[in-house]
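What follows is a single structure, and I will ask about it in a moment.
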Amino acid sequence: MPPRFLVRHPYLLLVLAGVLFPLVGSEFWVGTVAARALIIGTMALSLTFLTSTAGLVSFAQAGVAGVAGYTLALLSPNVTGVGVEVAWPLAVGAALLMGTLAGVLVGWVSVRSSGIYLLMITLAMSVSLFYLVSQNTEVFNGFDGINGLKAPVVWGIDLRAPLPFYGMALTAAVLSAAAVLYLDRTPFGSQLHALRNAPRRVSALGFNAVALRIVAFGVAGFIASVGGVLNTWFSGQMSPGAVDVHAAVNLLVVAVLGGIRHPLGAFLGAITFVLLENYAASVIDRERFNLVIGVVFIVIVLFAKDGLSGLINQLRVHLNPAWTGGRRAKTRRKAA
Amino acid sequence: MRFYILLSLNALTVASLYFLVASGFSLIFGLLRTVNMAHGAFYLLGAYVGYDIASYSGSWVLGLVGAAVAVAAVGLAMHQLLLRTLGNDELRQALVTIGFAIVVGDLLLAHYGGITYQFTPPDALYGTTPMPVVKGYPTIRIVVIASALIIGLGLWLLIHKTRLGMLIRAGVDDRDILSAMGFNVQRVLLLVFALGAGLAGLAGVIGGSALSISPGEDARFLLSSLVVVIVGGMGSLAGAALGALLIGFAEQFGLAFIPNYATLLTFLLMIAVLAVRPQGLFGRG
Amino acid sequence: MAASTNALVISGLEVHRGVVPVLHGVDLQLDGQTLAILGRNGAGKTTLCNTLLGLLRAEKGSIRFNGVELAGLKPHQIAEHGLTIVPQGRRVFASLTVEEHLRLVAGRRPGPWTIPRIHDVFPRLAQRRRNHGNHLSGGEQQMLAIARALLTNPKLLVLDEPSEGLAPKIVDDLLDVLRAVNMEGTSILIVEQNLRVGTTASERVAIMSGGQIALVTSSKQLWEDEEMQHRYLGVSTH
Amino acid sequence: MRKTIGTVLGAVGVSALLSTTALADDIRLGALATLEGPFAQSGLDGLRGVELALEKYNYTVAGKKITLVKESSNAKPDVAVAKTRKLIEQDKADIVVGPLSGGEGIAVKEYAKSVPDKTFVNGTSGAQDTTLRDPAPNFYRFTLDGAQWQAGLGSYAYQNKGYRNIAVIGEDYSFPYAQVMGFQAEYCTLGGKIAQKNWVPVGTKDFTSVIAKLPDNVDAVYVLLGGADAVNFLTQYYQSGGTAPLIGSSVTVDQTVLSSKGPFRQKVVGMLAAGPVADSNEDPKWVEFVNAYKKKFPDGLQSPSLFAHGYYVSTLAVLQALEQVKGDLSNDQKTFQAALAKTEVTTNSPTGPIKLDQNRQAIADNFVTEVAQKPDGTYYSQIVKVAKAVDQTLGMDRAKFLSLGPASRDNPPCN
Amino acid sequence: MHTAPILRVRDLSISFGAVRAVDRVSLSLEPGERHGLLGTNGAGKTTLFNAISGDVKLSEGSIEYKGRTISRLPIHRRARLGIGRTFQTTLTFADRTVEDNLRVAVMGSHGPRFAIGTWNRYGAQVQAARAVASRFRLDEVMEQPVATLSYGQQRELEIAMALASDPELLLLDEPAAGMSPQARGRLIEVLRSLPRSITMLFVEHDMDVALSLADRITVMRDGAIVASGTPAEIRATPLVREIYLGGKH
């Protein structure tokens, strides 16, 4: 039996696995594959947070991350010669702020839409951003984007080297995930769950449902921005490709693969996605990655309603019924 | 003057093409409440299949018909295999069609490669039709406008003047009661799905003749269909027509006067409509 | 005399909405006549109607009509066996004209009801021929819903709260029509909240409560027994 | 039970991580091209070039086997960098040839700076700044850049065709900007005028409204579109009754476009263009190259495209340099890199001698061509002029050229 | 003693397209009053309700609450002024626990909203939720998800949530709908036991419930008020008998 506190907090195991991973993984696995999975996972976390707590779906999270990415790019030294250079903490702060504001804007514009319509209006906003940045050359350098961006050197640690970068991505991912899990247990989290269950009731109780919803989008925007900042450093550049419709679809695919009803599904989905990206190619044919991802996606949607996290939950219940969650078991006892 | 007439004709052409694609998309949504994100893939599939049939048989018209039939069949298969099992879960339906679109797009790329295909329409269609003021206008583009008018009129007649149309409208209004009156609604749904998919295939041949066929067109026409029906109102034929016109004009006039932000303009138009009237201009709300 | 044909036998019917059971074991028989089902809001009356028509799935139990098991069949298959409904809230098709409503269903099954006859019985519908379903008054919508149901030439007509929102005069006309329909051999199951309509429309009434049939009695008896009304319906005339 | 599962999973994971370690003595050559999306066809042809070059050396240099690892991007810079990293870190490539398109090139160049002990040789990416400004010491380009690819065209249009006033329509990004810069360097200096520049968003499919805007009185229209967009434009231009002759960029009427299926091709005969390759080149080395290409890839294009050519000469340069250092990549590849910088592809080059300048940028010949049709109905480009030894500053003084600033929508101006 | 009405509805009309669901209704409630709304299905009771709570826009007329016009205030602002409501079809947070439902309800009108401390820091609110729960005998199922409760318990929770927000005016839309006779009785008891500081307006089909709970009753038909008075007066009105029972021939 694993120690008690691990049973009570199974997520600590995941964090531990993340911390220990560099001991077994090669530089490529740590600095490129795992770091990328963490970044994509963080961006997708913004979506699974929205869906699992507030019941909102959004196609715009890649775009929101892109707003942060572009802000960072424009405020950092780059070889494209656009923007203004400021100290990196300031640039990161501004990026997170702008991304959060972008999230708020998405929430505000789409406030009257829900379900499939919400998906479409957020897709439209995301695509609008794509056209804005790809057609504006003065600020965003259009189609070519902004190049030569680098993660800073902090206290002598070069954050663009694989291991430090991985450490940074892991820290950001763990903190974001912890924040989401924590929020879930606060009154604010409960209020968001309430919004998902019965928005009419939420208003009738005296909550400003619109504000609640917009704040949820803001929080998601912040998380997406964390991913966006890391992603910009990771690719060393920012271009419209990061906010195009494929990027939006990919993020949704990641979230659905992992299970959109559990916040941490985002990371499961991201790991799967990145592994498929690197290995599916060698299974069938180097160019047929999309075929594999498409088929896997269909299978997940058809047969695993809650994605991989749902499957794992089922498996857990199957292996050890006592793990169904102490809470419910307790109530049963109490009620009996 | 000539310039503005030309611009308007271009806008009409683009609007016609958008309408052709979006009408099927809207039809499917209207009755089935399914947002078929594979509609763009259907368009591209129709274009390629039509191209193959047309170049093999030497008949453009056969390509047109063949593409419509083939894509309708693929649509039916997708509906029966993937959509039916999901019941009324709109979100999962949209997701599964995204997956299907990814698969179809990749298979098409694998088979047809990345080169650009263009139909060889009958000589009568390839060339210029003389017209007053603007002197001449490409015949194929007039064909596009005409086909949109014909298909639009045909759909209108189908929906408002035929028994099947009555069934479709009744099904949109109240599916349950229609089935309780003894009609096999599932069959009507299938028929409509096939019709909508077939329209995408047909549009693929027409669009592939007026423009060209290449990878990436699937996403482009899916997006345009989404924008058109969102602006016009999901499930409304008139809405699709109005939406297509608005987008067509915004896009072409934008391209002529503010080329750098032409596409952005159409999306801003859509966001504006959605923020004010989430159900679209003609949508029921 | 239309008895002993078109017999409906419901036994042990259980229906859930989600996980919540709504009907728990309904037993009911109807034998070529008219039966009213009365009950409070939420007693499960509409659920019963929808299950009869195949719009809801029966968890357990059986619905036999003229010896044929209907539970598990699709709505259109059930309709082919001669069941039809005038649903609660009328649910006429908003985008079909009155004429289209009639043309849609007419002539699909042989029987006494034709469009001319409908126009005869409901002259108002003839006048409103070109109006769309959503441009009719409540009474007109109700007539249309009934006409739509009659044109399928049903063997069993289910009416779910037909008097809802109708003026008393119209309700009386409606009851006359139903009487005529029954005379021609169609069984009628009428679900009502309104005690008078329910008891006037049929000789027998079943009272539903908490998802079960609490009592089957004659209309006359219920109408006269205020204590019984009070006990089962929560309404009283004293 | 759970423990067993854990052990098995762990073992599988570890072996997956370790299985990718490089084999000892081989030289691993990574090739990066776009095999996804609209540029898929070009990427495929690029890889054909790599394979042809390797085949020429029988995949062996100085007794060492060369292993080719292919990777696909989708013309997006971030993907190009991710895939390059994969080639270097995962597939342990020593040398990477690629990428294919402009934005990718700049991104990969930036990445190259972080791995100085690996060598990067450009595929066909044509952005000027890949080598012009802030170059990476371990990034080499044996192909010409976008501006160089138009060398000879401006003067031919002005002098031989007598064009004095033209209109420009191009896609709105850096590659067409650079091409126009290369064209203007000759055309505008000679006194030619540009009446109008139309920059259309990347991905525009319907150009008719822009066509309608073109002035009636121009001598020619200079078109900077590629692939499907070029096919659409050409079709729409002729359908709209366009009569002014057309001038193409390096990708407007290249083999990927001329091999496209469609009736527009009948109209483009005689169309002027310029680029690093010409189908009709009578140089025996070009003929030999074409024959080898056709033999190996019967289902390839009718004639190798500039992508096949670019990847071919780039790989050749790598092999030549490797041969010179006897496959020695030690000393953080410094010996090899020094040899590569001095490499001149002459005897092997199908398109005339290629050497590098101080920024490791090619100086090579460029061809002005016209589209012609063969008796068998196929279309090809026919040489009408050769610009010899074109350098990156287009013959200008480097400082003066740099002072022009990066090419953009309206820089440099035409006066 | 005569006090100013807590709620005053004046000439209120609401139209949906061509249909006039509520037609020039005027109504006023004294503080502490228990006021029943009767009428058949489609008489406009729920629409009137929704207009008062803010769910439906009014076409004409005005609504005053404690002397202040609230016709244009959004739902949540009205709720914060002390107007609580229940819904005809249970509208709870189905996959959350009873406790969570109630403590969220407590925070609605009195805050804190957007609170991001752990629940431990909001002891007062949690206590308030528990107090309401015990009044409805829901404390035994506090940690169960609502979806696992019986229908009757869900209905009780529905009302408990409205009470948890500490309203001055409580709008109850068919509170006893679908409940078993015993549950009904229990519910009536709870409602009766509420302090008179809460003014109640309720819709009820069950005449017994309505008549036994109300101080005054208003009867609606076709969107308009057709009778109004004390339970005794209403009982004696032939018109009401006709509407409600169809009347005798």
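Each chain gets a letter, A, B, C, D and E, in the order it is written, and its residues are counted from 1.
Everything that follows uses one rule, which is that contacts are C-beta pairs under 8 Å (C-beta built on N, C-alpha and C of every residue); 3 or more make two chains touch, one makes a residue touch a chain.
Note that the structure is predicted; figures quoted are calculated from it, not measured.
Path length between chain B and chain D in the chain contact graph, taken as the least number of steps between touching chains: 1. Chains that count as touching both chain D and chain E, per the definition above, are A. Centroid analysis (C-alpha atoms only) places D farthest from chain C. Between the interfaces A-E and C-E, more contacting C-beta pairs are found at A-E.
The chain with its C-alpha centre at the largest distance from the centre of chain B is E.
Distance between chain B and chain C, defined via averaged C-alpha coordinates, is recorded as 43 Å. One inter-chain figure worth recording: chain B and chain E are separated by 49 Å, centre to centre, where each centre is the mean of the chain's CA atoms.
Centroids of chain A and chain B (each the mean of its C-alpha atoms) stand 33 Å apart. Here the CA centre of chain A is 36 Å from the CA centre of chain D. Residue positions of chain B touching 2 or more other chains, listed in rising order: 109, 260, 263.
Among the residues of chain D, those touching two or more other chains are numbered 36, 40, 172, 201. Across the assembly, chain E contributes no residue that touches 2 or more other chains. Contact between chains, using the touch rule, shows up for A-B, A-D, A-E, B-C, B-D, C-E. Against chain A, the residues of chain E that register as touching in their complex are 53-55, 74-76, 79-80, 84-85, 87, 91-96, 100-101, 103-105, 107-110, 112-119, 122, 125, 140-141, 143-145, 161-162, 165. Across the complex, chain D is touched by residues 3, 6-7, 10-11, 13-14, 51, 55, 109, 113-121, 126-128, 135-141, 211-212, 214-217, 220, 251-253, 255-256, 259-260, 262-263 of chain B. Note for the complex: chain D touches chain B at residues 36-44, 172, 198-201, 203-206, 208-210, 212-213, 227-228, 231-232, 235-236, 239-241, 256-257, 259-264. Partner chain A is touched in their complex by these residues of chain B: 35, 82, 85-86, 90-92, 94-96, 98-103, 105-107, 109-110, 219, 223, 226-227, 230, 260-261, 263-264, 267-268, 270-271, 274-275, 278-279. Taken together, the chain A residues at the contact with chain E in this complex read 183, 185-188, 190-191, 193-194, 196-198, 200-209, 212, 215, 327-328, 330-331, 334-335.
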